[in-house]
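These are the structures, in structure tokens.
Each of the next two complexes has subunit A plus one other chain: subunit B in the first, subunit C in the second.
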Partner chain A sequence: MIQLILFLSIGAALLFALTFSLRPRRAEGGSTALVQARQALSVLQGGLLPAEMVARVFDRTDLDYVELHGSSEVRRLFLEERTRVALLWISRVREQLQSLREFHAGAARHYAGLNPLTELSLLMDFTRLMLACRILQAFVYLRGPYTAPRIVGATAATAARVCSVSQESLAFLTPAYAAAGGNAARRAQ
Partner chain B sequence: MDVLQAAEDLRRRSLVNYPRPLDRLIYLASMRDYNTGLYYHDGLASRYTAEVACEAMADCHKEAFRQLVSNSLEELVEQLEAYMTSTHTSPVDFIVAWKGLEPYRVAVPVESDPLAAQFLFSTFKVALAILESRLRPSAAPAA
Partner chain C sequence: MLSLAIWWCGILLEALLLFRGLKGKFVPQYPNFYIYVLSLFLTDGLLYVAYVFRPEIYRNWVWYPGFLVLFLGWGIVLEVFRHVFSRYAGVEKFARVGGFFVLGAMVLFAVAYPVVSPNESTAHNLYIRLQRDFLTVQAIILFLLLQLIYYYRIELGRNLKGMILGYGQCVAVTLSAIALEAHIGAKFESSWILVQQLSYLASLVIWLIGLWSYCPDPPPDATIGSDGNYSALASRTRDMVSAAGTQLIKVERL
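Moving on to the complex of A and B:
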């Protein structure tokens, strides 16, 4: 029985290795997934994850100002508004990460940008990020946008790192990369 | 290259009269045709072309938007107060109109990031509430 399990495990491992080594360099179709992934990356890197934007949403400077200069009514309105925007930020980050994850879990394997181990590690990072977003959502919903600065910082930093790894796998889509012979370089890998 | 020159020209000749990002945002939004989304500036178009002028104005509009989003709530309140004073409208009327019509919603560039736009709208709402509360300081203790 143990031998059978051992054989099956070795067989499964070989099959997994074979699948990755024989995967096609470029899939027919899948361009929609690529474009969506590129858009998600652009939204994350250009709009949601820049440190300045994260700080504007989650920094306490505005709250300190409201506490000094606003009535309790204004303070309540401010916290309501900032909680709404913070929840929107989290859901947008989550949505875009989900789109990127779907690309890496599916279409990405048809492109030669990343090796299997990097892909696996990336998928685990995506899973961790999804969880972090859910936890953050619960914190912000229940206790407001200023209660979990460490989770916000860690989530934004991990998401930025994942984006830069993902960007490498999508680099061949940018005109500058293609002009520099990126396609030839990728084919040679 | 032409667009960069035209944008610099616009900053030097026209936008210099609008030192605050809020004023620039409103001015540039007012130069945009609501039906086409294109910007018109006769002076700039005569020195360059209508297309170059349009693109330069769109760039400056985006720049003003980015600056305004990066400003703190305190800075936005100050800018809004200064803008309100410059319109020579009564503060009460101004706040009632801005709370009701929310003109800032149509003042943002077309391709703004939706989250940044929502963030700015939300900050405007609070800034207006702060200005409104300053108009009736004696009402607060009664609450």
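Moving on to the complex of A and C:
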């Protein structure tokens, strides 16, 4: 029975991989990808991750104010809206991290000295971060935005660190980025 | 009758596949693949002649060409390796390390298993066991290869996509059918032969569509970086891994 399950699982996994891996996708590592990676970094650092913005979304002060002055209907509406904003924030962070991960893979594939172990550990790191975001998403969805402020803080800090390292990683690509930006500008004209 | 019809269709499709390759002059681009198709064509054709005119020869020899085809099947995996990673030396190293690891583990298993659990070694039983072991290794290697293609966003041409899809689905279906047959027994035999034949026919159709004309893999957008740059990137990445790990432990404890 174990043999049957093992071989059927291998067969099913291969069919699954064939279905998903061979679908056409946009290529990474080129000039467009560089521009998109820069945009992802800018959005993460400038628009999504600043501590004050995160604190504001998950701060209880607004809820206390609504509870003091509003009816239960207003409170319910406020919590619904705040939950939506929190979920949107988390999903945007995930999207941008995904974009950065794809950029890294797109750039790393060109190196002859690529180290499989390093790549695997980096993949694990990104996966853990994504998983943390998923757990946070489930937490906020089930129990609202005011139940896990420390998780929010930790996830935001981790994402911010990823950003800073990614920015350093992108630094050596500046000439390519500039060239790509120049090309994009010329096309726009 | 259905099996015979599938057999005829198979020979016809194999001939058409070879004809298109020769006509389009792209056989030299994929030599291992076309050697495999040629071996299938010759095997099917000769076995059919034996089946019609000398059935006793067919009965005695039917399993032996299978060994040859089984070994030549590796040619397709090698062909895919050669083409997919020709422009990505680092990813190719990654795939090679993973491939050797899986192959080594399976060879170890294939050597150790008969010692631990000896079995009767008729051509049929040996073929079935070899086929299962070979297909398992190929399935795992193809799976790893597809993960690398997906992760590193490597663009493939229509020829290579057709080659991988056709062979991959045949490997997956045959492996599942062998496992089911071994578990359920003789009553599943006629069904699993039909399933295998249909899957093989599907492979030929996919190959014919994918390799109707020559369509090379698109070149990568840009070539950036060098070994020195990767080392710098890797050290920065290691810093990030430890920092992220510390943060995530905090998350898990909350």
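Throughout what follows, the second predicted complex is superposed on the first by the 125 of 189 C-alpha atoms of A that agree within 3 Å, B and C clash if a C-alpha of one lies under 4 Å from a C-alpha of the other, contacts with A are read in each partner's own complex, and residues count from 1 in each chain.
Simple rule for what comes next: a contact is a pair of C-beta atoms (placed from the backbone, for glycine too) under 8 Å apart; a residue touches a chain by one contact, two chains touch by 3 or more.
Computed from a prediction, not measured in an experiment: that's the story for all the values here.
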- Considering only the touch criterion stated at the top, classify A:Thr127 as touching first (subunit B), second (subunit C), both, or neither. neither
- Pick one for A:Leu88: touches subunit B only (first), subunit C only (second), both, or neither. first
- Message: Under the stated touch criterion, which partner chain does A:His69 make contact with: subunit B (first), subunit C (second), both, or neither?
- Response: first
- Task: Check whether A:Phe78 is in contact with subunit B, with subunit C, with both or with neither, and answer first, second, both or neither.
- Result: first
- Query: Thinking of the overlay built on chain A, is A:Ala13 touched by subunit B (first), by subunit C (second), by both, or by neither?
  - Reply: second
- In the superposition, subunit B vs subunit C on subunit A residues touched: C
- Of all residues in subunit B, which touch subunit A in the complex? 69-70, 72-74, 77, 113-116, 118-119, 122-123, 125-126, 129-130, 133, 140, 143
- Hey, which residues of subunit C end up touching subunit A in the complex? 88-91, 93-94, 97-98, 132, 136, 139-140, 142-143, 146-147, 149-156, 161, 164-165, 168-169, 171-173, 175-176, 178-180, 182-183, 218, 220-227, 229-234, 236-241, 243-245, 247-248, 250-251, 254
- Query: What residues on subunit A touch subunit C, complex-wise?
  - Reply: 1, 3-4, 6-8, 10-15, 17-18, 20-22, 25-33, 102, 105-116, 118-119, 121-125, 128-129, 132, 135, 148, 150-151, 154-155, 157-158, 161-162, 165, 168-169, 172-173, 176
- Given the complex with subunit B, which residues does subunit A contribute to the contact? 43, 46-48, 52-53, 56-57, 61-62, 65-66, 69-74, 77-78, 81-82, 84-85, 88-89, 92
